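In the two assemblies presented below, chain A is common to both, partnered first by chain B and then by chain C.
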Partner chain A sequence: MASYMFQKTITSICTCGLQKLLPDLFFCRHCITLRCDFCVSHEIDTTYCPHCFENLSSTEAKHKKNRCASCLECPRCFNTLSTRSYSRTPEPKKPPQKMYYLLCLFCNWRSHEPNIPDQPTSSGNWPVNKNPDDGRILDLINYYKSVTLKEVFDKQKRNTKHYGRNYMHFLEKFGLNAMMARKKVGFPNFHTDGTGFSTSEINPAEAIENVPELSANTFEDILDLKQISTLEQRFATPELQAENTDDLFPIRKHLRVKHSLRCRVCEHNVVKPEYNAVKFKIKHLAYYYVPEIKIIKCEPLLAGKWSSLVLKLCNPSQASTAVRFEKLDLNAINIIREPRQLEGEDLISTPKQLPEPIPIVLELQGDIIVPEGEIKIAARDDTAEYDDTNEVNTDNDDPKYVYWRKGNKVALKFEVKPNENIKKNENVQLGFVMHFMYSDTMLHVINPKQPQTVLVPIKIVLNLPNSF
Partner chain B sequence: MSSKVKIGQGAMVCKEIKVKGQVSFGASTIIHPGVTLIAEAGPIEIGENNIIEEYVNIIHKFLPGHEQSEPVTLKIGSNNVFEVYSTIEGVSSIGDNNIFESKSFVGRNLSIGNDCIIGAGCHLTSTSPIEDGTCVYGKNCTRQKAFCKPSVPGGHREFLTKLLPSYHLLRKNKNPIEGN
Partner chain C sequence: MKIESDFLPEKQCIVIDIGTKYTKFGFATEHSPRCIIPTCCEIDGTSIPDIYKCKDEQTLMLALTNFIHMLFYKYALVAPKDKKVIIVESLLSPTIFKEILAKVLFITYEVTSLCFVPSHCASLFTLGISTGLVLDVGYKEVILIPVCEGVPILRLWQAMPLAGQAVENQIKTRIDIGQLSDESIDSIAEDIKARCCFVTTLKRSKILATGQSVEPKTSDVEYHINGERSITISGDIRETVHDVLFEENIDEMSITTMILETIINSNVDIRLKLAENIVLIGGTVMAKGFMSRLKEELVEKLKCSKYNNLKITKFKFHVAPAYENYIAWLGGSIFGSTNNLNIVSQTRENYINENYVPDWPTTFTRQKTE
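Right, the complex of A and B next:
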């Protein structure tokens, strides 16, 4: 997100009570309120490889251990490896043969003998490092799977009433759905009632007596630091942890996840990525709806003295809006006005409360005078900047509060007075509530009338730098 | 700026460079425009077949306060490549076949062996010498064994020899010693 353009001095308080910057907030069009990454639920939408952009379904990704089958990563600096070719003549009189190797363009790591011999094809069946303990790990996984299944059966036997709902996600988690399906079809190895259900035997790990001695010159040999892998490199392949840089293997690229965000109160999506494209189907960021506030002028703050502060408001939406300001009442700050909804809103489920609203603790170090009355802000017009005749009606503006206006921007005058006892070089925290007019343009099933407008209150906290 | 420049056989030195002090360029060395060479602490001897790209700084100066010390020659070996904006400051010696990638910095009293790669943006200020066949990479300047010898893509040198003279004025070979 383009947060570098945002002033960190201005934060908004999300509906849940967390203080966030505007670009980090979402706007639920159904609850008509702010949401942040805490008060939305995060869901995995698709898995994809960040290098070749191949999309994989969740089962496929799980099967491939969440790694891409075709892209390799440098074991030294973890950037993507590229394939290079050269031609070599294996024997005199024979035509030269084209051979391929892997090269990291960032740190110049090169695949090398004997670990990774050069390959005659560009796709190259690059050898994948094999974990020596693969078999044992597989045994253990199978064992624990059967133990879980046994638990499921036991639970089912005890409590047949609530079958199906509570542990379905466990089934998914441990990949047991297939096993349950097998059971339903009637494969003999699983018993429906769990009696006689046997877990496969595993050999418990055994401690060995004879630990090989360290060689005599372990502590005397001069260490060649060039040959020793870094911790980072070892942790990248936890199953191997090669100590010598010669033994590093290319790593298969980790898959990434595109996630969609869902409002936890109304269960509508706030962000949903498009499948197979770097786009979004739904992208309700607060940044597209809420007027953005920026400080453009602030007189030096003096303890106990009023000084003026000019804030610029910019309306990002295609509809004109209006703002109204209110002082922040610290006593009423924690009253959460949820759930809120539009008239005739088609609910997909009954609104819920957020599981754990966070109490807002805020201390203000001064007083603020906010502009009175309603201040209109024009809609965003991308062509306005090429139009010189674009005049804005300023007749209704009170020059006491409106400094200037231009297109979808308006500069407003505020007065601030820091407390008498503020300390030197400590930021002055001030707050106010901005109500902005949100025009709802969604099509409603029940009430397909003209767009409604709702005033949305947003608590804004200013953190003004204070230097004498 | 007083300078004494000696250009070897087949070397190509663009005119738009800053030189201070005594600098000699070995045969077939290519110096791009915008290069700064300061030889205050003694002459700089650049070997054969080097490529020094745009805005490279090779600064051979005394430490402040030690201006009266004995001059030392800074020797740079052969077949080195100094990529755009790399800086060599007060380095003690440079061997052969090294690559200094873009925006790398090599500090004082560091000696560099042969076949080394100094990664892009690496800021080397330690004085422990860089051994032969070392690859320095990443923000922590991790030194590890290089698995391939640094090489310039084939034809790059020929390409430069063809192209540079058609767009830049060169310091003439006939006139090996240029005063101010």
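Right, the complex of A and C next:
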């Protein structure tokens, strides 16, 4: 079923120029245009652990280095570890004590392997390992910090003129001391004359001449590949990079984020998840607004011959819509589409520079005849399924184009003609533009008007298989 | 609760070292990268194994956009908007790559400021020294740039395609891995290189090159592929695959002669200092025995007539307080902790006005960020 969703037979071209499937697209209700993953800006909404689903605030997550405090991963196979317990009686007369250790249920790794002592609590203060050279790196950081501060100070000293007198008494007189103190916050603590400022000392690293040699038993020892960690296992903890699998320590689970998406042009939210639930506050997916197109019948495609193609359109929205078709003009395909606005909507200036749209490169391998005129599609009605009468008004339909009609679905007849030089077993790429009527149902605070309708053009690319 | 300086949101600065094979990623002032991940991404379901190989500007931009997106939203878990970014890059990385990266970060992700730090200079921050001969043995190529008092001597740069990839190609030609897809062969070759192989001594390598056997003989290894087949990797192959790095080509160039050529072309006054301050960075130097072999080769090569008048008797190597594969990143992290970052990075306003990324040696378009 999933593969059916990912088949790239019918794709739509997003406003930014990428070809996407309809379920991957969003619909910005303010710009009235399609947006995709690539052309919206992503924001981080909440941080959570993928195993225990605990939500963490961004500061908390930052403090914990984006790792969950309670969930641990197997360092060998990266599955979640489970905590196991056993009882032991340390002394005969005392009550038995429960001890906990970690076990990977997938690869049977135990926390005994790297000699982690068993813990008396289930949450367990599992030890955190550090780079043995942490102190040295800290020294280096402090040293370079002080070096740059000295540079800044020297520059300041050069720029300030030296007055011969001390104005300190003025400061107190006019109450400037407090102001100065506030100003000074955040500045390095220099002495006013620069004396006494010294950079912290550091011993530069000593190069060694006696480099470590290969140990004598490197050659003859039989290599047990099970004992040697893979690069993936080493890189999971960059500061340790243990080569022996016995030295691998459990890894804290990396957190994940829920994104909220925002249109880059109008800065309105397109998708916003709800806190602590698998739900959305805002979800303007194209799937809820744009009529979905499916192929229901396609005659065998022959080079240079017309054959009929039946597409089914399904209106997902609660308002009725109408569609109009147009041929795809390859010459005008890359004209930049300005964001449109509804009447009464505030004009949003775009002061910032937006990413350039991606030029569309498209080659069509055939001709298509699209239905003429406007074709109405009824609104989605969940109760229509239970309605036996199911009356649909088909009087206004041109039977040349409308195949059948039912509820919010309509089947339309197209004619396609692949090019003469089309090769066998090669997909035939065809395109057309579908304009659909979008009725704006948003409540406008400033200008409460009747719902407006706008025609939204969407470029559709068909990729018809030609394997007969 | 302990409140650290990096607790404050404005202090956060992101350090990225995009390597040919692996990308190191983390926050400035931290002591190790948060993650080391393969430099690859997906565009519309098709994976791009090597971003540097994207020739077409459009593909490169899409690839970098997707890659940076993954870094920020999967690993850093911060929105890139209004963050400072440091890119640790090799001085020889292509300009187009740099320009597109700046465009993606400034325009698509709206970072406040961006700073490109040359990896060779940054590596010296981890040692507290200012002069050294920095040899970066990465995946695609080995790049040598001497740094004198914090300034890279670009006149003396040397680069050769003798690095991890050359070793992997040796493995692929000498071991029959079998009929598999290209990606899985690559990953198997990498795995064999990392887990089974080491760099043998010069003496043994010379004997093995003549086809004789050597005592003690290196043990063979049974290697399992996908849990289905097993192949035997002979001991000779295990110890000699890295020899390709030290073999001279028709121009008599290898890693060894690269170092010696640089020293011989440099100013007389810094020759000794360079020879006694060799810094090895990059993932390939982590192979067992690499450093001792390099030293043996250097000492051996000194005896030849070309380098005889160098008056150098010994070579000294530095050992950084971190693993070699993220030394350049750590240098960037130390750099990011200092005040200098605000002075030398380019701001977003500046980029939008100028529409131009300053080349590394020029700083005149840069304005101070507050």
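In this text, the second predicted complex is superposed on the first by the 372 of 468 C-alpha atoms of A that agree within 3 Å, B and C clash if a C-alpha of one lies under 4 Å from a C-alpha of the other, contacts with A are read in each partner's own complex, and residues count from 1 in each chain.
Note that a residue touches a chain if its C-beta (ideal position, glycine included) is under 8 Å from a C-beta of that chain, and two chains touch if they have at least 3 such contacts.
All of these numbers come straight from a predicted model, not from anything done at the bench.
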item	value
Greater residue coverage of chain A in the superposed arrangement, chain B or chain C	C
Which superposed partner A:259 touches (first chain B, second chain C, both, neither)	second
Touched partner set for A:76, first chain B, second chain C, both or neither	first
Which of chain B and chain C A:38 touches, first, second, both or neither	second
Partner chain(s) touched by A:204 [first = chain B, second = chain C, both, neither]	second
First, second, both or neither for A:136, with chain B first and chain C second	second
Partner chain in contact with A:238 - chain B first, chain C second, else both or neither	second
Touched partner set for A:423, first chain B, second chain C, both or neither	neither
Which of chain B and chain C A:225 touches, first, second, both or neither	both
Overlap of chain C and chain B interfaces on chain A (superposed complexes)	225, 230
Residues of chain C that touch chain A when the two form their complex	1, 4, 6-7, 12, 22, 24, 29, 31-37, 44, 58, 62, 65, 69, 73-79, 81, 107-108, 110, 125-129, 190-191, 194-196, 198-201, 216-219, 221-224, 235, 239, 276-278, 288-289, 291-292, 295, 314-323, 325-326, 330, 334-335, 337-340, 352
Residue ranges of chain A in contact with chain B within the complex	76-77, 103, 106-110, 112, 225-227, 230, 245-246
Sites on chain B touched by chain A in the complex	117, 119-120, 131, 133-135, 137-138, 142-148, 150
Chain A to chain C touching residues, read off their complex	18-19, 38, 41-44, 47, 58-59, 61-63, 65-66, 131, 133-134, 136-138, 140-141, 143-145, 147-149, 151-152, 202-205, 207-209, 211-214, 218-223, 225, 228-231, 235, 238-239, 241, 254-257, 259, 352-356, 358-359
